[in-house]
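I've put the structures underneath this note.
Both complexes shown next keep chain A, but they swap its partner, so chain B is in the first and chain C is in the second.
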Partner chain A sequence: MREKLRTITQLLRNAFGRSIGILLSILAAVLVGSIIMLIEGQNPLEIYWLLIKGALGSQRGLLISLQRATPLIFTAIASTLAFRTGVFNVGVEGQFFIGAICGAFVGYAVKLPMIIHLPLTLAAGFLGGALWAFFPTIMRQKLGVSEIITTIMTNYIATFLISYLTNYPLRHTPTTPETPPVQPTAQLAQFVELSGGTIGKGTQAHVGIFVALLVVVVMYIVFKRTRIGYEWRMVGLSFPFSEFGGISLDRTFIGGMLVSGGIAGLGGVVEILGVWREYKDLFAAGFGFRGNLAALLGGQNVIGSTIAALFYGGMEAGALGLEWSAGIPRQLIDIVVGLIIFFMAAEGMWAFVRRIKWVRGARAVRRTTEDLEV
Partner chain B sequence: MDFSGLLDILQRYVFNIANLQGMLRLATPVVLAGLCALITSRAGILNIAGEGMILFGAWFGVAGSYFFRSAWMGLLAAMLSGLVVGGLFALFSLKFRAHIIIMGIAINIFANSATIFLTREVFGVAGAFSDPNIAGLPPIEIPILKDIPVLGPLLSGYTFIVYLAWILVALTYIFLYRTPWGLHLRAVGENPQAAETLGINVQRVRFGAVMASGVFASLAGVYLSLGHLQMFTEQMAAGRGFIGMAVNTFGGGEPVGVFFSSLLFGIVETIGWRLQGERIMPVYFISMLPYLATLLALTVFTLRKQQAKKAALERAAHEA
Partner chain C sequence: MTAAVEMLGIRKVFPGVVANDNVDLSVEEGEIHALIGENGAGKSTLMNVLFGLHHPEAGAIKIRGNEVHIRKNADAIALGIGMVHQKFKLVPSFTVAENITLGSEPRHRGVFTDRKAVHDSVMEISQRFGLQISPDARIQDLPVGVQQRVEILKALYRQADILILDEPTAVLTPKETRDLFGVIRSLVANGKTVIFITHKLREVMEISDRVTAMRDGKVVGVTKTSETNPTQLARMMVGRDVLLRVTKTPAQPKDVVLQVRDLQVFDDRNLKAVRGVSFDVRAGEIVGVAGVEGNGQRELVEAIVGLRPAWGGEIKVKAKNLTTLNVRQRREVGVSCVPEDRYVRGVALPASIEDNLIVSNYFKPPIAQGPLLKPDVIARHAQEMIETFDVRTPSKDVPAYALSGGNLQKVVLARELSAQPDLFIAAQPTRGLDIGSIEFVHRQIVNARDRGAAVLLVSAELEEIMSLSDRIVVLYEGKIMGTIEGARATEEGLGLWMAGITEATPEVAGSPEVARQLVAH
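Coming up: the complex of A and B.
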């Protein structure tokens, strides 16, 4: 009984220590952000207020936040899954795009009733993303080539491949490089369409958010309750130990990476079917990288990453408004999020927090870099 | 097989002065990015932040050159940015124990957004910034050498950074193998615990290596933004930080190896430019070439290494 009580207090202390660390990181990043704004001659309080008001202050703002967060949830979950298995999948960006183009193709080229067409299109996106993750995964698992270089290379190859496809074989009009529009049977409805124009006027928020949340729930259950989820977590913690314990490394790594790429690709196709309804060349870069950041921000777990993606989406919506009204580039948000991650990752910097008596138990796991291969 | 046709193709795409000049030029940022990866990997650090450091170098090079009307000030500003970014990277990942790959990922994305933000806020333009007030680095004509046929045009008339990159390859070699600090660096990279017991300050050596890598990367960046055309373009590093890592792997972590593998990438890019002029295939496939070549080179390299290892094991088993 006493033992149990002690573990519980220990857990609470850990959680408390962690959230204190995150809060302080956010505070520090907001402070540095304020300094940047002061140098720019802006009032930081006003900017932050506009940012929050833009994201949450109106129905329209809320829906735009939701719209921006939808693809980020997919890419954040994809990154989380890979990071947790110990694979640094920085190719989420390319997998997102390949999923989007595969989905766009199946979406416009096939004519089927919605009940088959929509799932088929989503599946095409998932498979496209998984396929794009396949090459770096095999190179890592069979040859031992670092996935960081290879996934970045596949990102570049993906963008050029898609530029080719939208400019030549899949091109619809001679004026702009874009594919034909997706059939109505493969579209994800926007809230404004569903409500007949009463909800979400001027936004493109769509039911894809429910697909995203479904993925979150499924991944949460997979991680918590299934054998493969357990294996993914164990492999990420220590792969020599996992192998000793009888886990097939090949199957876990390759499976994890393929599902990660698939989820990223699913995010791409959902964005196409809900917002764009056709593939425009280079329609929106950066969702993959922001997903990487959101996963880091959310502490590389499913729920945390989802919250971080929603937060990031909201801040982006606010920043878009800010760009229109105050002329401040929206990249400010990426900078602030980047700063939060620097401060969060720097465990040693918060050592002084741990020296305070009531959080002394909170000692985060220290990871070594020595055993990482180049 | 008709060899004259092959020779003709080789001469057309590789062995003529213009192509070789292009190769040396295009290889320069890759050489510097490769040295950035080399100096940290030899100290046992996985530094994937080269890409971000290159971007910062490129931006500060243009900013310094624009505000002081001098390319040398641009060079200085870029190198300072390399020192600062490298120093912060070292501080966070070595002293504050941030996970080094996470830190690298964050720095790369941060550099991308920060340089876009700065371009819009400081210069008031989006996408690319160019201005007649940005001073470019002048070409250097080497006396005597420039008048020798073939060798003259091949080796003379590049900007300062091209020569600096060659010199740095030699200096890095000398540093690694002919100085006590280089010995310390290699010791730290090969066995940090042993180095520690010998009284080497591992932390300090690694700190120095990361800061040096920042300077190498910033020089690569400044070459991109001031070496040829005087402009800063968003995301202009275009993966060269990672190609530098690949070049370092491919070159076996040796300065000379890095130099020659970078030349290979220079050739691939020059051939790309050539093909682009001839409109043989869509430009998008040509743009893919450096990245495909990187993947291919890494695959071939690791396959050969695996084979060598297997052969060595078999030999050992045979002898035993």
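Coming up: the complex of A and C.
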């Protein structure tokens, strides 16, 4: 009992320390953002208020936040998974797009009843993303090439490959480079369609959010309760130890990256099936990178990354609202988001706060355990 | 003669623990003073107080008779105190000279580092104290023993008269230890005073003039080294008699479990580290591999465990050829190992004790059921291991880094022995541990043998090898110099083999193959 209590307080203390870091970062970003807004001749208080109201103040705002967060949850979880196994998957961006184009293709080219077609399309997205993650991973494991470089490179290849596909073989209309629309049997319903226009009017929020949350739950359980999750965690924490214990590093790294890429690809296809319903060339760049950032913000754990992705989505929705209602350029908001990430990444700034606590804590634990020794 | 250092009534409290409780320490000018005690006894805390890294709650410090207030590290350095920490504080990519002068470089017109002056002053002090070193070598290319020498030079460069060495031999090979002792003697001959923290009694007896023993934050004894003996010191440190020699019954060897034939293994630099080694280990016996470190022991163990490919030859366990199997398959055949690098391979420091305990069996029942893990079984397993192996930890959920070395080694032992291995390999199993833990580890090794396991013990500590092994093989430059029964081995004889001298081997025993191989060489 006492021991349980101690564990709980320890967890709370860690969570608290981390939250303090995030809060301080947000605060610092808000302050610096305010200065920029003042220079721009805007009233920062008003802008922040509008931002929050835009994201959370109405049903519409909330749904837009969710819709914006949906793809980010996928990419954030994908990055988190890779991070946890000790790999920096910068290729989430490309995997997201490859997943999207694969899904779009299966979505329009195949005719099947929905019960088969929709899962098949989602699976195509997953496999596309996984395949795209496979090349850099195999290069890392077999040739020792840094995944950071290869995944960045595969992002470019993905972009140009898809440009080619949408401009030539998969082109639907002569005017714009885009694929034919996906069959209704492969679409993810938007709330506005489901409710006959009563919920989510003027938004494109769709049931894909449930797919995203399902992925979150599954990944949470996988990390906590499964063999493969244990392998991922241990290899990420210490690969010499894992190797000594008999865990196959190749299998774990490659497996982890494939699933990471798969989840990114799944995010891509969900975005297509729920929002766009056809693949427009470069329909939305940056989801992958923002997912990487959300994973960093969220402390590289499943729940934290999800919250960070939702937060990110909310900020974007708020920014959109700002642009519509007050004519304030959304770039201002992008600056604030960028600043938050910047301050978060500048760990050194907050590390000292945490380090003092941590060192004191660790020292106390160490002293007590040493003292216990005969 | 005034005391070089006098610490009076030092008290230092950490949250929950009194690390130093009314501690007195007096060190004479020009002596080698050993400060002994087990891990957590408060030795390092006391020295950190002297070096200005901790602030005591109470007490006074006198240096050469004058009372001083050491508020910060720089005060201690200004008073001529230097400290060589257990973990070296060196910049790996810098040269020796750059490291030594870092922070107080000779300047050229006040701005640029005067490289020539740096080089010359390092040459000068290294010659004055007989510390051979090349000022232009990079730290990352130097062996540990030489890096330590750089640390000592760093202190001397800052005009230290009183040198604190915090467990300097923990990271050294026997040869490097001997070299270090030579350095210490030359320092004292040059008028320096040395405080030497250790828990190795043999070193205390060999090098020190006087000893202060600490236990649980208090001083429990001060004595002249010439007036004491290891047994008395051990009793002071732990408050009871320690079995420096493990009690064990004669071995009853049964079938051959491990069979190594003409094994050849390369090291990381792609040099042949194990060159045609053959030996057997039978069930129920402990075979000790002695030898100066770096003579192929590491590569031998890694090749058996499966971390390093065998370039040639055969490794068989229970007549099964291991060479094509991976680590897990070998573990399933019945191989277990306490690895040499406890903190790197033995445990995952950021992972919980619980997670550390299941890395070799998480994939099979009862821990796993299909792809799922069973948290309640894992928790029970962890609790059981913690109790059986007496791991002192606040809970099974704390990360491994919160545990002391001895307790970490217990975690490793618990994991590796709970698999009931047929072949149990223990590589440097007690390095850096305190006496209580060493005894525990030794008992576990003997127990494993008595249970019927074949035990391969690799150690750089001759004492350990001699007191535990039923048979001893000596490795020298990747070859077996000789095999001898544990009871018939003498330190001198083993020493000759370890130095690569074959002529003096009247006591060759062991398997006929080994003998034949010896003849062949």
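Assume the second predicted complex is superposed on the first by the 323 of 374 C-alpha atoms of A that agree within 3 Å, B and C clash if a C-alpha of one lies under 4 Å from a C-alpha of the other, contacts with A are read in each partner's own complex, and residues count from 1 in each chain.
As a working rule, contacts are C-beta pairs under 8 Å (C-beta built on N, C-alpha and C of every residue); 3 or more make two chains touch, one makes a residue touch a chain.
Just so it is clear, the model here is predicted, and its values are computed rather than measured.
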item: Chain B versus chain C as contact partner of A:289, first or second or both or neither; value: first
item: Which superposed partner A:111 touches (first chain B, second chain C, both, neither); value: neither
item: Touched chain A residues, chain B compared with chain C; value: B
item: Common interface residues of chain A - those touching chain B in one complex and chain C in the other; value: 366-367, 369-370, 372, 374
item: Parts of chain A lying in touch with chain C, wherever the complex brings them together; value: 3, 6-7, 10, 224-230, 233-234, 237-238, 240-248, 360, 362-374
item: Residues of chain C that touch chain A when the two form their complex; value: 14-17, 19, 38-40, 216, 238, 305, 307, 326-328, 330-331, 337, 339, 341, 344-351, 355-356, 358-360, 362-363, 368, 371-373, 375, 392-395, 397-398, 401-404, 406-407, 434, 436-437
item: Interface residues, chain A side, partner chain B - complex; value: 40, 88, 90, 135, 139, 143-146, 148-150, 152-154, 156-157, 160-161, 163-164, 167-168, 289-290, 292-293, 296, 328-329, 331-332, 334-335, 338-339, 341-342, 345-349, 366-367, 369-370, 372, 374
item: Chain A partner contacts - residues on chain B that touch it in the complex; value: 41, 44-46, 48, 51, 92-93, 95-103, 105-107, 109-110, 112-114, 116-117, 120-121, 192, 238-239, 242, 245-246, 249, 282, 284-285, 287-288, 291-292, 294-295, 298-299, 302-303, 306
